[in-house]
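There are two complexes below, and they share chain A, which is joined by chain B in the first and by chain C in the second.
Take a look at the complex of A and B:
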């Protein structure tokens, strides 16, 4: 929330907006990593524009508090927290940049270049101490005024990056798919994968096997298949159970994901784990198409807590009353795919192997922001 | 005629076949149910004419007539189709991979649908290239049945076609029961003996049964045994006695090969269940169900996770029976398999058949379950009667399988009320296909052991059993 004592109409508007956003998140009116990420970034833009601070760490604290609230509204939507952390890293970067140029002391903080050695060095004081240390040294007042436009510019760039992600990923398609190939896609609810395939189809002729993710995404699957077929791609819809029987004839498995974790593992739609395993057994490459905003600095220490469960009425209809009483029904929405199962991650910044994802985490997020 | 048309087919461009196919499609679609037969005959004539003329190239043969003649023509057409199919893929762009060449315009599909098929030619234009060698059987009524088909067979055919009677053992038992009725009502015509004529009579019944669904391995084994029994019927005894003895023998066969076998398997498999186990099973297997019920009866405390898949949702029936017996059950669809696999102690699977190279031929999805379990070092136990052993060998699930109706995928409901999804009009899009296969092949390395009534054995020992016990 904004600084105590904020009573101007503008700030009241902003508070109302934040409240509305949190409510929308809670009610799942905004759903899906992309939508949540974009909405969060736009909200942060407004917050930063309206915010006032004397020290930069006040802004950091404000955003952290807001971020904690937003993350708590949809706890398993990691994209929200990712954007918050990106913005925080941005703010810290800007402040350290300015500080360095002012005080000419680059060695103390090592802001931009994160080497492996900084990983190993223990940093006991995170957050306010470290931040304020660098800033109190410089001339306080003049810095805070200069930073705002840069931060806003940074957030704007982030929003632009979000909007253009699919474009950059799709352009890598021709390098991945050859003529007359058969592609299997186990996550048809992914827009990124759809654009990837549609773009590649302009230059290559290939076949796509679309796996229904029954019951949660089956309608999206069917629409995905319709779109592919309308674009002239040979599309075949198969059920989840058929994957093993058909995998021997598949050239590549291309999937989208809900989130990428810091160890390179994925949180993808239900069924993706067994399909990736199936691909491993048949030595079929597994390729993930994801924007970097889905990369989370979290480690999957407790995988089950990350997996959301959905409406059991979709698995066993509630009309079947006698059965529903006696039987425990589970409908997991996501699946954890371990990094060993994935061969390549294609992001808007290029292709990386899953073992490299931790570096991207280091590049984009700050250690002190991991816990909001 | 066959070599001619196929030779000419290679020279003719595929494009000419496409508008013909579309016309065909339009014609068939527009005509109502009543005119369908007429249109079919017309189309058949046109097709025959087209096949005879060299420039036309490929032809699209409409549904053939019902009856025994069908089998012969089907065999002929089947050969034509396969030769024509391979030439299409060669002529259609010279690509090596058959999969990449699933062009909708290819009209090489001589029909295998029999009886009152709905949208006969439509189904075939929309077949997935990989599986073009498999037939789709469709049957909605028995109006076209020949006069000598027994009513028990008629009703059984409909039960098969609507998946009311489903499952390897159940189908075998039902078939043998129907045969008992057929034999009971059979009267040897003058001029021939029972041992010679009954076999032919039964063959006609079997051919009609095949129009609903292909025979299961158990049915194949049982029929082979029955024909053998009929052929050794002595000429000296009267027809009445012969019929009675045959009916008696069938009864014994069912009892020995299915009921007693199941009991022995249950006794053996129950020893694999201990207190605190969480056992996973896939879809519905009658014998696995009996194992669980017996273990429950013995008071062993364990719980069961049933993994199910569409379009049949057989697991629902399994979970219903188990929970009614008081077992603690969990129910999940196959996409949630990885989520539940963490707590599982063992996996029990049923079989449609076990092949001679140790591969398990079972409901589609079984391979996924077995693979996932093996990767987590969870033992996989298959319960299967020896009647399910087959002499066949097979390496993958594509070369031999059964195709189901693609419309089952279009329907996205989870209960008996059909609910058409976004793919309601999937037939209109030439590039869109729906694939519905019924079985898959699980490699022997995923299976710990197979429990049969002759003992527990590793999958590699199946041909030994077949030879020693002569059960196939």
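Take a look at the complex of A and C:
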């Protein structure tokens, strides 16, 4: 009885919370794929713990509706949709598992691919869940009702994964970067790349060339370069125009990315496409560091619709009245980097070729959730 | 287990929370809490006849009400309490706010509407607010028609820092830098700001009247004494975003004639010597800030929003919950559910709302189309603003016009640049609406009017003329002309460039003139305006006393009262008295009433005793003599007057021998040719003085 009263106020709270979150997304007060992903996961945690359902499909539709709203708030921030799809997949999996155990036939409905992938995987995410599931199997029907704690636990794990993602990627740096190698990176706003380089610098001595990425990330470039220099890495900031001439001396291009699409293509900060093309001409390997939460099941049929167009004022000073009146300025924030230009994706689950990305997508998302 | 656990978690949280919350609340009270006053009324008539039916702040800009942009900015700025002051159309604004997402619990601030039905100006609204006592701390004052994405924390921090240092820094104006001819600058309302380069203190404000070809501005010379680096600037977009202290509404109450926040208030505060309040400017060089204050800026701000200068406040952010805009290459924004014929062409910088259908062969360029519009075949729409539910029939041509909700434009009709077609006006086929026409169907006085000439045989609506305003305000025409949707750039160009050159050379002239004035005012040894005015008044008072033959005591009393009131030095009192007396003497001489000696004696014997209350010690006497000498340089027969005056005052024991000698030895008494010349007779008198002394000694 008491719970019912608490429930309605809680629901109100939650609704207000969701609306405020949507407004913040629209205002770009929460920005950047990591922040959005983390905030989304935390919101879903609240939603699931407040939600009530008699059948698992109700929960799924509820979250799908929420997902559509969040996605609409920042349509080009794919991380938000990715997290929602991950959670949906999680819910479906949990429910299927309980159904399976009820019917006493575990093998029929389980996804085909998971088992094969598990052989390769070093970090089996769903392993523990499954283990715990099987332990409780004995209690029979009660499992259906107790689904919620497992889902919450799953989301909690997802949040932990998000928080530790940079660590697991950074640990692979030693295998990627050789002694005295010259690294070029055009994505200074990537935390992942920063940690990757800093961690590797503890064991290796190498040079980093940081591309300025005018106009959107110039300040961040300088901060990034300063952090590297403070860690004792030999760092040089170069202008965007110098990339081609210097590429011959570069050992590897390391890219951070905004999103990874189902075909292995990237949405990275503007300029990345040109630099990766340039690297291809010089046969310089292009390595992408990315957390799996950036992996989206979307396929780039219409590249333009995925690219966010930012503040025009960064390209052309607004003060300049005569130009403002006559020139149409576009400031795309991202570039589409085709999968052919990328040689390797380092994720928190290991390094993969871009052509293998579709497989990871199938492992992490359900086909029925691709369109929210 | 699960629920229990969470319960415990809650409990521990609860027990912790009070202390934390208190702490944070106190913090927020001190730092975070920020009130904002939104003036929903513009107190202007520029958008008439549109604003006859809808308040300005609810007019759609890129299919979103203007007020939404203001609230969005306030949310970004971290405001926690918004007070909307409503005047005209208060019910509409109230209803809009009540149904908007800002009244939901998820809104980042609390919102309150305050009625101020009698107010006819910003000043009235401020006085009303002051009377209601709603303002408790520093607040943000904005009008309901701004579009701004400036991150506000820095501005606010700077303001608070200044306030903490100096309680008199009552206001910070946020100004966006832009070139003088920028489209987003309101043509009719540009202004000159004189800022201290180092502190950004605004020391002078002057409104620019474009029509009157302003030739000069006058600055108080004191400004140059107080500030070393001054910038005189005419390149700001002033969108009236101000951070004000609670003193501001109080000052409005004190000065009941202040109406306009800039023209009256800022100008008044800056020119007032008594208040000692200071106003600062915060110049923003990146990000966007503008105000929709005229049709011309409506056009410009719409274009800015479409071309994403206002990012992230763009149509595709879908500010309203039911909006579904998507961005396409070339700044084209389309909502879901629109019907476009295969052969129609949508060119760049266009916004199209949901439910709109565009037929074959139609070309739309750089325009905003609202929701549920029906656009026929082969229509041409260029830089036009077409609001919701408009029907445009085949072959119509619309250029740079505003077509408001529910209007109908007949087949093959043409709406020329600059025209406004207000709500539900119907224009018949084959009619041309001229560029200067504003059509409406508003029934202000109850009876229906139809101008068949303007809207055609089967049309509905009449030409709106704002006669009341035109008679009252001679600037009206200028404002209408320059604030119209279309502005003749050529003529503007000439006027504004000529203005800027005059302002530049005005500056030179100004400094030159100032130099001259300092030189000539050396007699007064002061350029202080306060002292200047004292000098004038004191001199006038003595002259009056002489002319009306007042009693000496009364004249002395009057002088000392004046001195107290203006807080002047005795030096200035002496200067004024000397100027008056010697003026009188030279007048008597020049008009041949009396000879020099007699004139001096007659005046000084009667009025000389005034100096007894002005000259006290030797230093005073020397100063006095220097003043007399300097004054005499300006007079005919100055040297004679000087000689006789010294003699006369010596006889009256106002001047002592020792100080006369010291004066004569002092370098100031011979500092330039004029002074030397006027003193040419003095040595002989001094000779007589010393010999007389010796004689009396020997006696």
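Keep this in mind: the second predicted complex is superposed on the first by the 326 of 372 C-alpha atoms of A that agree within 3 Å, B and C clash if a C-alpha of one lies under 4 Å from a C-alpha of the other, contacts with A are read in each partner's own complex, and residues count from 1 in each chain.
The working rule: a contact is a pair of C-beta atoms (placed from the backbone, for glycine too) under 8 Å apart; a residue touches a chain by one contact, two chains touch by 3 or more.
All values reported here derive from a predicted model rather than from experimental measurement.
Following the overlay on chain A, a side-by-side fit with no clash is recorded for the pair chain B and chain C. By the touch criterion defined above, A:29 lies against chain C but remains apart from chain B after alignment on the C-alpha atoms of chain A.
Once the two complexes are laid over each other on the shared chain, residue contacts for A:20 go to chain C alone; chain B is not touched. When the two structures are aligned on the shared chain, A:244 is found in touch with chain B, with no touch to chain C.
In the superposed model, A:340 makes contact with neither chain B nor chain C.
Of the two partner chains, chain B is the only one that A:226 touches; chain C does not reach it. Counting the residues of chain A touched by each of chain B and chain C gives the higher count for B. In the superposed model, A:160 makes contact with neither chain B nor chain C. With both structures placed on the common chain, the touch criterion links A:320 to chain B and to chain C.
Using the contact criterion defined above for the overlaid structures, shared-chain residue A:12 touches chain C, although it does not reach chain B. In the superposed pair of complexes, A:328 makes contact with chain B and with chain C alike.
Taking every C-alpha of chain B against every C-alpha of chain C after the fit on chain A, the minimum distance is 10 Å.
The intersection of chain A residues touching chain B with those touching chain C, taken from the two complexes, comprises 304, 314, 319-320, 322, 328-331.
The part of chain A that touches chain C in the complex is made up of residues 12, 15-20, 23, 26-29, 49, 72-73, 75, 146, 148-149, 304-305, 309-314, 318-322, 324-325, 328-331. Against chain A, the residues of chain C that register as touching in their complex are 2, 6, 72, 75-76, 101, 104-106, 108, 176-185, 235, 285-288, 304, 307-309, 311-312, 316-319, 324, 326-331, 348-349.
Across the complex, chain A meets chain B through its residues 179-182, 205-207, 212-216, 218-219, 222-223, 225-226, 228-230, 232-246, 248-249, 269-271, 273-274, 277-278, 281, 304, 307, 314-317, 319-320, 322-323, 326-332, 335-336.
Across the complex, chain B meets chain A through its residues 95, 97, 99-104, 128, 130, 309-311, 316, 319-320, 323-324, 328-340, 342, 363-365, 367-368, 371-372, 375, 396-398, 401, 409, 412, 414-415, 421-423, 429-437, 440-441.
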